[in-house]
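Letters A, B, C and D mark the chains in the order given here, with residues in each chain numbered from 1 onward.
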Amino acid sequence: MTPFALEIGVALLMLIVLGAGLIGGDGGRRRTGAITALGLVVLVAAAFTLRPWGSAGGGAFVSDRLARFAKRLFLGSTLIGVLASLSLPGEVFRRRATEYYLLLLSSLLGMMVLASARDLILLFVAFELMSIPLYALAGFRKREPEAVEAALKFFLVGTVSSAVMAYGLSFVYGTAATTALPGVARALEGQPPLLVFGLLAVLAGFGFKIAAFPFHMWVPDTYEAASTPFVAWLSVAPKAAGFVALFRIFLEGVGDQVTLWMPIIAALAAVTIVGGNLMALPQQNVKRLLAYSGIAHIGYMLVGLAAVSASGTAMVLFYLVAYVFANMGAFLVVEVVARSEGTEHLNGFRGLAQRSPLLAVAMLLFLLSLGGIPFVAGFWAKLYVLWAAAEAGLYWLVLLGAILTVVALFYYLVIARRMYIDPPTRPEPIPLAPTMALCVIVCVLGVVVLGLAPSPLVLAALRAASRLF
Amino acid sequence: MGLRMYVLLAAAVFAIGLFGVTTRRNAVGILLGIELMLNAVNINFVAFARYNASVAGMVFALFTIAITVAEIAVGLAIVIAIFRVRKTVDADHLDLLKG
Amino acid sequence: MTSLALAVLGLPFLAFLLLALAPPLRRHGRGAALVSIAAIGGSLAAALRLWLVPLEATVVRRWEWIPAEDGPLVSVGLYIDPVGLAMLVLVTLVAFLVQVYSWAYLEGETPPSLGRYYTYQSLFAFSMLGLVLAPNFVQMLIFWELVGLCSYLLIGFWYDRPAAARAAVKAFWTTRLGDVGFVTGIVLLWRATGTFDFTALFAAAAAHRLPAGLSLTMFLIYLGAVGKSAQFPLHIWLPDAMEGPTPVSALIHAATMVAAGVFMVTRAFPLFAATPPVLGLIAWVGAFTALLAATMACVETDIKRVLAYSTVSQLGYMMAAAGAAAPQAAFFHLVTHGLFKALLFLAAGAVIHAVGTNDIREMGRLFYALPQTGTVFLVGTLALSGIWPLSGFFSKEAVLAAVWNARLGVPFAMLALTALLTAAYMFRVVFLAFFGDRQPGGHPHDAPAVMAVPLWILAILTVAIGVRGALTGEGGQSAPRWLPAVSLALAAAGIGVALVTYQLRLVSPAALARALGPLDFMARRRYGLDAAAAAVYRGLVFGLSRLIGWVDRYLVDGLVNVLSAWTLRAGDRLRRIQTGRAQDYVYGIAVGFLLLLIASQIWR
Amino acid sequence: MTSVPVLSIVTWAPFVGALLIMFTARQRPLAVRLIAATATAISAALSVYVFLAFDPEAGFQFYEKLPLVPSLGVSYELGVDGLNVLLVLLTSIIIVAGVFASWTVTVRSQEFYALLLALVTGVYGVFVSLDLLVFFLFYELAVLPMYLLIGIWGSSGEVRPRGLFAWAFRATGVGTKEYAAMKLTLYLLFGSAFILVGIFALYVSAGNASFSFLDAEMTAFDPALQRWVFLAFYVGFGILAGIWPLHTWSPDGHASAPTAVSMLHAGVLMKLGAYGIVRLGIELLPRGASGWASLVGTIACLNIVYGALAAMAQRDLKYVIAYSSVSHMGIVMLGAATLTEAGLGGALFQMFAHGIMTGLFFALVGLVYEKAHSREIARMGGFGRAMPGIATAFTLAGLSSLGLPATAGFVAEFMTFLGAWRSAHPWWLFPAVAGTFLTAVYILRVAKQIFWAAAAPDFPPLADARGPEWVALALLSFVLVFFGMLPALALGPIESGLAPVLLRLLP
C-alpha cells in the first residue's frame, strides 16, 4: 500500500466534489455536502482498515504510526464537522457549498501531509496548504462585517506568523545545511545558537497555529464570528495538526538535546493555561468563552509536550482525541441553542435542562469533560498529561495546572448553572436537526466511552508516540 | 560580501516588513509589509543555499514565493470583502470583535 | 451481691428505657409514674437489703467498655463499700420519697408532661446510683455528666417559663465549667498513673507509690466538685435552679446530686490526702462558701432560695470537713443533710402548694393552717440549725471538730459564724412564714397523705439518726469538750436573733439591715457574683464570639472572596489586551517570540 | 475473598438506582422515592452485613480487584479494614436517613434523587477503594453533584457586605445559594488538585508502576518526600475536613444545601477528608505525619475553639450547625495529630459519632425550616410544645455534640483527650476541653431559644415530624445512643485498623 493512499483519497474526493459542483448545477451544489460526508465516511473506514506504510521522497514523507493516528483524528473530526455543516441554513451558503467543502477538504489535505512530512519544505508547504483555506473559510459569510473582520485578523496574524516561521526555517536550513528533519535533529547536537533561534521562530509560528498564549489573539474573534460548525472543526483539527508537526520538528530523533525545550515549553504551557483560563472568566458569549477555554486546553496539551517524553507525547495525542469530542460537541450544542434562541449569549442556555433535558445532559457531559471530571474523557486527558509532567519532575506545573482546572470549572459551571439552576425563559424544547443530533450523539459517545474505557486509546497513543524517541 | 551581510540584509528587510505590518493603517499597506517579511525569508534561503552549497534552499525560496502569492491573493480578497461591507480598509476601524 | 447491686442500678434504668421507648405509656402520665415509682421502690428494697448485710470487704466488678490493644482502656462496673452503700440507701430512699410526693405535687400537670417528669426521674435515679457505684473515674464522670443532664432537664421542666429555661441552661453551663477541670484532671491522672481505677489508685496511695506533683491534677479534679457541689465561685447556679419543681429541688439540688461533689472528694480522699495544698484549699473554699451563702440566705425572701443558699452553705460545711482530712465527717453531714434538707424542701413544697407563692413575706401563721407541714418543717429547721438531739447537731459538730482538729482556725471561725447565721435565717423563715401575725391569703390546708407521708418519714429519720447519735456517741471524731456547748450556744444565739427580730419585733429588720449597712447591701446583690458571671458570659465569651464571627465572615472568608474577586478581575483586566485591533495581535506574536527568546536564554 | 462482590454492590447500587430514576421514573415522584429508598437500603443492608461479618484479625476483607489500565497500574480494587468499615456503615445510615428526611422534596425530585444517589456512590467508592487513582475518581464524583444539588434545591441566606473587603463580597455574591454551591465545589476541587499531585508523587517515587494502596504500603518512602507529600495531602484533604483557615466553604455550603445534602456532606464528606489524611497521610507517610503533627494539631485546636466561638456568633440556625461541624472536625484532626492509639481511635470514632450527630442536626434543622420557614434563631421560640419529638432529638444531638456520656460523642472526645495529653504536645488538651464547654454554651443556647422559652409570635401552626421523617430521626438517634453505650462494637474494628498504622508510626 502506497504511503500516500489516504492523501490520494482526499484529493480524489476533492475532484469529485469539484466535479459535482461544476457539472451538477444548483442541485449538484446542494449535494456536495452529502458527497463530501459520504466520501469522508469511506476515507475514515479506509484509515482504520488500510495500512499505508512506508516512506517516499527519500524520507520526506513517512506514513508511520504517528501519522496514521493523526490522520484518523483529522478525518474523523472533519467528518463530524462536515456532518454538522450539512444543517447550515440559508440559500447563501447553499450556493457556495462547493467552495466551502472544497476549502475544507484542501485544508484537510494539508493537515494530512503535514502529519507525514519529515522535510522542512514539505512541512512548510503542507502547513500553508492547511492554513490558507482556513482564512477564506473564516470569512465565508462575507456579507457579515464581523465575519470578514475576523477573517482579516486571522489572515494577518496567520501570515505574519507564517513569515516568522519561514524566517526561522531559513535559519534552521542555514545551520543544519539540510531540509530533512533527521538532519536537523542531528545538527542540534551542541545547540548552535542560530539553529535554536530558528527553531524558536518555528515554535512561535506553531504557537499561532495551536493558539498558545500570547499567539492566541486571533482565536476568540475568529471563533465568535465564523459559522459554528466550521469553528467546531477549526478548534480541533488544525490544532491537532500543529501538535503533530511540533512532535516531528522538536522531538523526533532529537535525543538527549530534547531537554532543551522542556523549560521553554513548560513556561509557554503555564502562561497559556493561566491566560486562557483567566480571560475566559468574564466572557458572556458562549463561543468566545469556549474559545478562551480552548486556549487553556492547548496549555494543558503543552504540559504533556513539556514532559518531552514518549508518554507525554502519547498523552497529548490522547488529549487531542478527548478534546475533539468534547470541544466539537460543546460547539455543536452552542450552535443548536444559538440557532433556536438567536443569541450566543450565556442567557440562551437558561433552563435548558427543563426544555431539552437530553441536550442539557450532553452539554453537561462536554463541559465536564472539558473541565476534567472523572468518568468522562477529559478527566483522563488532563490526568495523563499531568501525570506525564509529574514523571518528568515538573511538579510545579502539575500543581499549577491542577489548580487552574478549578478556575476553569468556574466558567463551565456558570454554563451548567444557566442550564440547570436558572428557570427557562420559554417552555418549548429546542429543535434539533437530525444530522446535528447524530454529531452530538457521536461526541457524547466518544466522551463517555473514552471516559469509561480509556485504556485502548491510551495504548494506541503510546504506540503512536513510541517511535519518536 | 560574506554570508553575514546577506543575513543582516534579510533581517533588516524582515524588520522593515514587520514595522510596516504593525504601523500601517491601510490594510493594503499591511499586506505589503507581509510581502517584505516573506521576501526577507527568501533572501536568507538563497544566501544559505549558496553558503551550504545545496539546492534545497533555492527550492524552498521558490515554494515560499508561490505561497506568498497565494497568501496575498487571499488577503486581497478579504480586504475587498471588507471594503464591500464596511466601506473602509482602515485597520484601526476594524474592532467590532474584542475583549 | 453483684446481682443485687445491679438490681439497684438496673431497675430505674429499665423504667427509664420503658418510658423513653414506649410513648403511649409515657403519655399516659399516671401509668408512667407508677412504673417509675415501682422501679425506684424495688431499687430501694434492694439497696436496703444490701446495706443490712454486713460487708466484709470492698467488692469490685468490672466489664470492658472501651477496648485498647493492651487491655481495656476504660471499664465499667461496680464498687461496693460501706460509704457507697450508705449513699445508695440515701439516694434510693430520697428518690423514692420524692417520686411518691411528686405524684400529688404535680397533679396539675398534663399526662404527657407528667410522664416526661417520671422519665427524667428514673433516668436521674439510674445516673445517681451509677455515680455512687462507679469503680473508676471515667464511670464516675459518665454518670456525673448524666446527673447534670437530668438536673438540666428537670430545672427546665417547665420549659415555657423563660426563667426556668434560663436557669436550666445556666446550671448546665456552670457545672460544665467545673467539669472542664474534672475531665482534664482525670486525663492528667491517667497519664500520671496509667489507670482510672479506684482500687489501683488507692493501693498506690496506700503504698505511697503515687507519682509526685499531683497537686495540679487533684486541683482540677476538685474543680469538678466545685461546679457540682456549688462551691464558690461556681455556686451561682444553685439558687436559680429553684425554678424547677420543688420535689426536684429536694432530690437533686439538696439531697443527692449537689452532694456528688462531696461524695467524689470523700471517695477519692486517699488521692486528695496525697496533696495537702489542695486539701487546704478545699477546706478554705468550703468554709468561705458556707459563710458567704449563709449571709445571702439571710436576705432572701423566696423560701426555696433561702433553702438553696442554705444548701450551698451546708455543702461548704461538708467540703470544709473533707478539706480538714475528715471525709467521714463530711459524709456523715452529707447523709444527715440529705435527709433533713430534702425534708425542708418537700415541706416548703407543701407550703408553696398550699399558698401558691414562694415569697415568705406573703406568708404567715401557716403553722396553724398547716400543722403537719409546720411540724416537720420545724423538725428540719432544728436539725439544720444543729439543735441537740437532732441529726444535724451531730454531723455539724463532727465537721466543726474536724476543722478545729486540723488547726484551721480561720475556717473554723467562719464555720462557727455560719452556724449562727444558719439558725438565724432558718428561724427567720419559720417565724415569718409559720408564725408571726400576717394572715395568709386563701384557705391553705395541709398536703394530702401522699405528700405528707414522705415528709413524716424524713422527719422521723432525722430525729432517729439524731437520737441514735445521742445514744451511741458521735461518729468517732475526738471533739474538744467545749464544742457541743459552743455549737449549741451559737445556734441558740441565731434563733434568738431571729426571734427578737422577726417574731417579737423588738428590733426592726430594717434597723438591723442599716446596722450592717454594706454587708446587707452586698448580700442583697449577691456580692455581685451573679452579675460578674453574667458579665463574663456576655462580655467575654459573647464578645469573643462576636469578634470571631466577624473575623471569620469578613476577614478569613473575606480573603477567600478577595482572591476569587481578584481572579475575576484579573480575567477582566487581561481581557483588555484583546483590543480588537489586528495590529495589536501582531504585536502579540512579536512579543511572544521575544519572550520565547528570553526564556531560552534564562533556562539553558 | 468472597465470590459475591459485596463492596461493589454497596458502592454501585445507588448509582444503578440513579440511572433507573433517570430513565424509568419520569414524572412519578413516588416511584422515584421508592427506587431511592430501595437502592440505599440495599447498600445499607449489605454494609451492615459487612460490619457484622468483619473480622478484626484479618486485615483487608471483602477484597475485589479488577485491572482497569494495566499499563499504568490502575485497577479497580476494593476492600475494607478497620479504618473504613465504620465509615461505610456511617454512609449507609446517613443516606438512608437522608432519603427519608428529604421525602418532601417535590421540585424536580427525579433529578434530585438521581444526583443524590450518584453522589452516594462516590462517597462509598472513596471509602472502599484501595487504588489511589480510583479513590481520586470517586472523590471527584462525590464532590461535583453538590454543585447542582445546592444550586437547584438549596436556599439562599443573607450576608451583608461589610468591612475591608466589602467590594469582594459584592463581586462574588456572598450569601446566595449559587455562590455557596460554586464556592463549595471549587474549594473542594482546589483541594483535590493537591491530592492529585500527592498521589502522583507517591506513584512516581514508589516506582512499582502501581496505584494500589497495598503496594504503596509496602514502600518506605523517602522522608523528605514524605514531608512535602504529607503537606499536600493535608491541605487537599484538610480543605474537605474543614481545617482553619480553609474551612469557609463549609458554613456557606452547608447552610445553603438542601437537607439531605447537608446531612451527607457534613455527616460523611467531611469525614472523607479526615479519612484521607489518616489513610494516605498517616498510614502511608508516617514520617511526614510525625513531622507535621505539631502543625496539624495546633490548627486542629484552633478549629475547635474558633469553630465553637464562630458558631456562637451566628444568627442563622444552619450556620450554627455548620460551624459546629468545623469545631468538631477539629477534634477529629486533633485526635489524628496525636499519633497515639487513644487519639487516633478517638478521631476515627469521632468521625462516626459526629457524622451521625451532625446528620441528625441537619435533618432536624431541615424539618424546623420546612415547618416554620425560618432559620433565624432570634425569631423562633417555644417550638418545643408543638414539636416535642424534634425538640427531644435536637437536644439529644446537642448533648452528643457537647460530649455528654452515653452518647457516641463522649467516647470519641474522651479518647481524643487522652491521646492529646499523651502526645508530644500535651497542651492540646486544654483547647480541646475548652471547646466542649463552648459547645455546651452555644448548643444549649440555641436549643433554649428555639424550643424552649416563650412561644414566638407570627408562626403558622407548627407540627411535629411525621411518617418517613420519623424514620430518619429515630434511626440516627438510636445509633447515636447505641454506640455511645456500647462503643466497643465500633472500637474493636477501629483498633484492628489502627494496629498497622501505629506499627508504621514507630520510629
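Everything below uses one rule, namely that a contact is a pair of C-beta atoms (placed from the backbone, for glycine too) under 8 Å apart; a residue touches a chain by one contact, two chains touch by 3 or more.
Just so it is clear, the model here is predicted, and its values are computed rather than measured.
When every chain is represented by the mean of its C-alpha atoms, the one lying closest to the mean of all protein C-alpha atoms is D.
A straight line joining the Cα centres of subunit A and subunit C is 77 Å long. The geometric centre of subunit A is 26 Å away from that of subunit B, both derived from CA atoms.
In whole angstrom, the spacing between the mean C-alpha positions of subunit A and subunit D is 42. Inter-chain centre distance (subunit B to subunit D, centres taken as mean C-alpha positions): 63 Å.
Of all residues in subunit D, those that touch two or more other chains are 186.
For subunit B, residues that reach two or more other chains under the stated contact definition are 18, 21, 30, 94-99. For subunit C, the set of residues touching two or more other chains reads 568, 575, 578, 580, 582-583, 586. Listed by chain label, the pairs that touch are A-B, A-C, A-D, B-C, C-D. Subunit B makes touch with subunit C in their complex at residues 18, 21-23, 30, 91-92, 94-99.
Across the interface of their complex, subunit D is touched by residues 64-69, 73-74, 112, 138, 141-143, 145-146, 149, 152, 156, 159-160, 162, 165-166, 168-169, 172-173, 176-177, 179-180, 183-184, 187-188, 190-191, 541-542, 544-546, 548-550, 552-562, 564-566, 568-569 of subunit C. Interface residues of subunit A, counted against subunit C in their complex, comprise 152-153, 156-157, 160-161, 164, 191, 196-197, 200-201, 203-204, 207-208, 212-218, 220-221, 260, 263-264, 267-268, 275, 277-283, 407.
Those residues of subunit A lying in contact with subunit B across their complex are 120-121, 124-125, 128, 132, 135-136, 139, 142-146, 148-153, 155-156, 159-160, 162-164, 166-167, 169-171, 173-174, 177-179, 220-221, 224-225, 282, 288. Only residues 575-576, 578-583, 586-587, 590 of subunit C touch subunit B when the two sit together in their complex.
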